[in-house]
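All chains are identified by letter, namely A, B, C and D, in their written order; residue positions are counted from 1 within each chain.
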Amino acid sequence: MLNDNDFITNCNVPGPTKEAIRAIILYKADIKNTDTIVDIGCGTGGLTCEFAQRAKKVIAIDHNPQATNLTSQNLKKFKIKGNIDLKTDDALNALKKIEKIDIGFIGGSGKELNEILNILNEKLNPNGKIIITAILLDTKIEAINKLKKLGYKPQIMEANISNGRVLERGVMMISENPIAIITAKKKGE
Amino acid sequence: MLNDNDFITNCNVPGPTKEAIRAIILYKADIKNTDTIVDIGCGTGGLTCEFAQRAKKVIAIDHNPQATNLTSQNLKKFKIKGNIDLKTDDALNALKKIEKIDIGFIGGSGKELNEILNILNEKLNPNGKIIITAILLDTKIEAINKLKKLGYKPQIMEANISNGRVLERGVMMISENPIAIITAKKKGE
Amino acid sequence: MLNDNDFITNCNVPGPTKEAIRAIILYKADIKNTDTIVDIGCGTGGLTCEFAQRAKKVIAIDHNPQATNLTSQNLKKFKIKGNIDLKTDDALNALKKIEKIDIGFIGGSGKELNEILNILNEKLNPNGKIIITAILLDTKIEAINKLKKLGYKPQIMEANISNGRVLERGVMMISENPIAIITAKKKGE
Amino acid sequence: MLNDNDFITNCNVPGPTKEAIRAIILYKADIKNTDTIVDIGCGTGGLTCEFAQRAKKVIAIDHNPQATNLTSQNLKKFKIKGNIDLKTDDALNALKKIEKIDIGFIGGSGKELNEILNILNEKLNPNGKIIITAILLDTKIEAINKLKKLGYKPQIMEANISNGRVLERGVMMISENPIAIITAKKKGE
């Protein structure tokens, strides 16, 4: 279990994805130790750190070198070893070159979500899963519509989480921003 | 209609109560132009400014002189006139001296909520209303339990509001912290 | 102040829009007694009943005769009088024939949101307001994008409201479904 | 991964605890395969089914025989094997007789929360964890205050989750009721 506050952060890099959201993603991902996962837009590395503890291999991609650097630092800080391939590259470019995967996670996609989903769909093994986090309204609907077009039956969950500050005078709840988790499973063959 | 961002603020004074919460309070308060309202813990003056536009008289109390000063500044900024009595005083002390009221609003009560509700109950006209905003878990339950003891049938609504930032790349929702609105109506005579 | 539970309802007609949402809409609408309001997709009449108490005239439109009938019943039940024009008609058809308006409210739009906004924009007086409630993700983004294209600077607020059941064993919070309120103001001339 | 809708349910028995909440609890529990867990107020067995897949032993207690029966049925339905001790008994009575535990989970406590926490504290191994879900406002504050008295530093997270219905006309979000997750860790020795 990783604490949000223990991650090394950088104001130029988004994340880490918050604890409750990582928990929900991990539950939905249901990672096997034979799984290969691609983590697109790894940012601070919140989910890379989680995936790497559970999967056979994690390919983490971010076009921002500060992000892959930060992800690398956090993997070290939490002493997470494993088969982790960090790629500082455009998502589309990097995805074209990777092997078949069992789980495709998109934490950040810039304006390329549709194209990323096209390639992810090609690379995804039967029974594989696509998981997307979205903070923009536009991304939520774009992800669902594209997944439907690709033949998936997407699901969407939205989480509004607040955390208590246990003060002397009482417990005050502080909100995280709402975030949606979109999931889709590829049919078996 | 007042915009949250137009209020003059001071980091030593809480508030203003956010737009959606002011809206809900105003709806529940259902102020008549014959009503006298006491605003306990007026802070930045968010609700004082709203009440003063609708009621016959508003008595706004805060023990912090920076708060009553700020409330005064905001009333001026929004050019709100009316019968407004600003008292820099301890709530219990100030309440003892006021006339009968139609609406008692508690935006801040420190550790004196039970005692404040005792006096408010005495000062409240038949069919009068008590409205409390609570951000502490403890205050929510304390308010409900005390109102029940005083013979009221309290209601509680909790609001989790988020506001969109309409950016070039899409719409991102930013959360306000959760806040509860507790209301109770005194029986007619 | 109207209680949600006091409305006459019909399982074939959506609504009424819940109390907190009506409160926020009323605050944002800031209705003057000289205003003409069109209420598109009036459903159960939750907002028609509110608008009719505050505006000079309300034109309430719904293509479902059960909806306009229900709105009529609720206006009677709450003894709300005023200048109310109930139209059982397709929104686009009805809108083409109406006079200039100060506030256009869309509670339901079927698949015609873009076209409705086109006409609403033509009928809207300078400084007039458009207010839309959206429960579908698709409607939220469609409304914002269309309003931007029409030259507005739309705002969006999302409300997650829960209401307490004050039981013997404690207070249990029951959630309403999330709903977005989108607002836009026409420039003065 | 278990789907909420796959559980056998009974209107006389609360639960199952919803997917996102089970996910967050599992993340916070960070179960080792050497852990003994007690599940107090197991209800439908949502968490018993999760714990039993991960822990060395689960002791599930409910005073309602319909609950332990239902938990048993769900364990069978999901083909979950493991060391599971189902006790139809009053929580206090059952707890007195159990061995030392690593994780104490309270999903339902009736009016005995304080006493249950007293015994749980005695039975808890060093570095052990207490996790409580609370839907009543009263339980949230009672749990935090009691844990503080027992020397813990409790944390509280509140989750407002909504799930999308992907309909032909768009995606509608349906809310679950808010629920709090309170956690505390015992100091090592």
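In this text, contacts are C-beta pairs under 8 Å (C-beta built on N, C-alpha and C of every residue); 3 or more make two chains touch, one makes a residue touch a chain.
Computed from a predicted model, the values in this text were never measured in an experiment.
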Review point. From the centre of chain A, which chain's CA centre is farthest?
Key: B
Practice item. Return the distance between the CA-based centres of chain B and chain C, expressed in whole Å. Key: 27
Practice item. With chain centres taken as the means of their Cα atoms, state the distance from chain A to chain B in Å. Key: 42
Revision key, fill the gap. dist(centroid_CA(chain B), centroid_CA(chain D)) in Å evaluates to 38
Review point. Chain C: which residues touch two or more other chains?
Key: 137-138, 140-141, 144, 156, 158, 160, 162, 164, 171, 173, 178
Practice item. Report the topology of the inter-chain touch graph, choosing from line, ring, star, complete and other. Key: complete
**Study point:** List of chain D residues in touch with chain A within their complex
**Key:** 1, 19-20, 22-24, 26-28, 30, 140-141, 144, 148, 153-164, 166, 171, 173
**Study point:** Touching residues on chain A, where the partner in the complex is chain C
**Key:** 137-138, 140-141, 144, 156, 158, 160, 178
Practice item. Could you please specify the touching residues of chain B with respect to chain A in the complex? Key: 111, 135-139, 160, 162, 164, 169-178
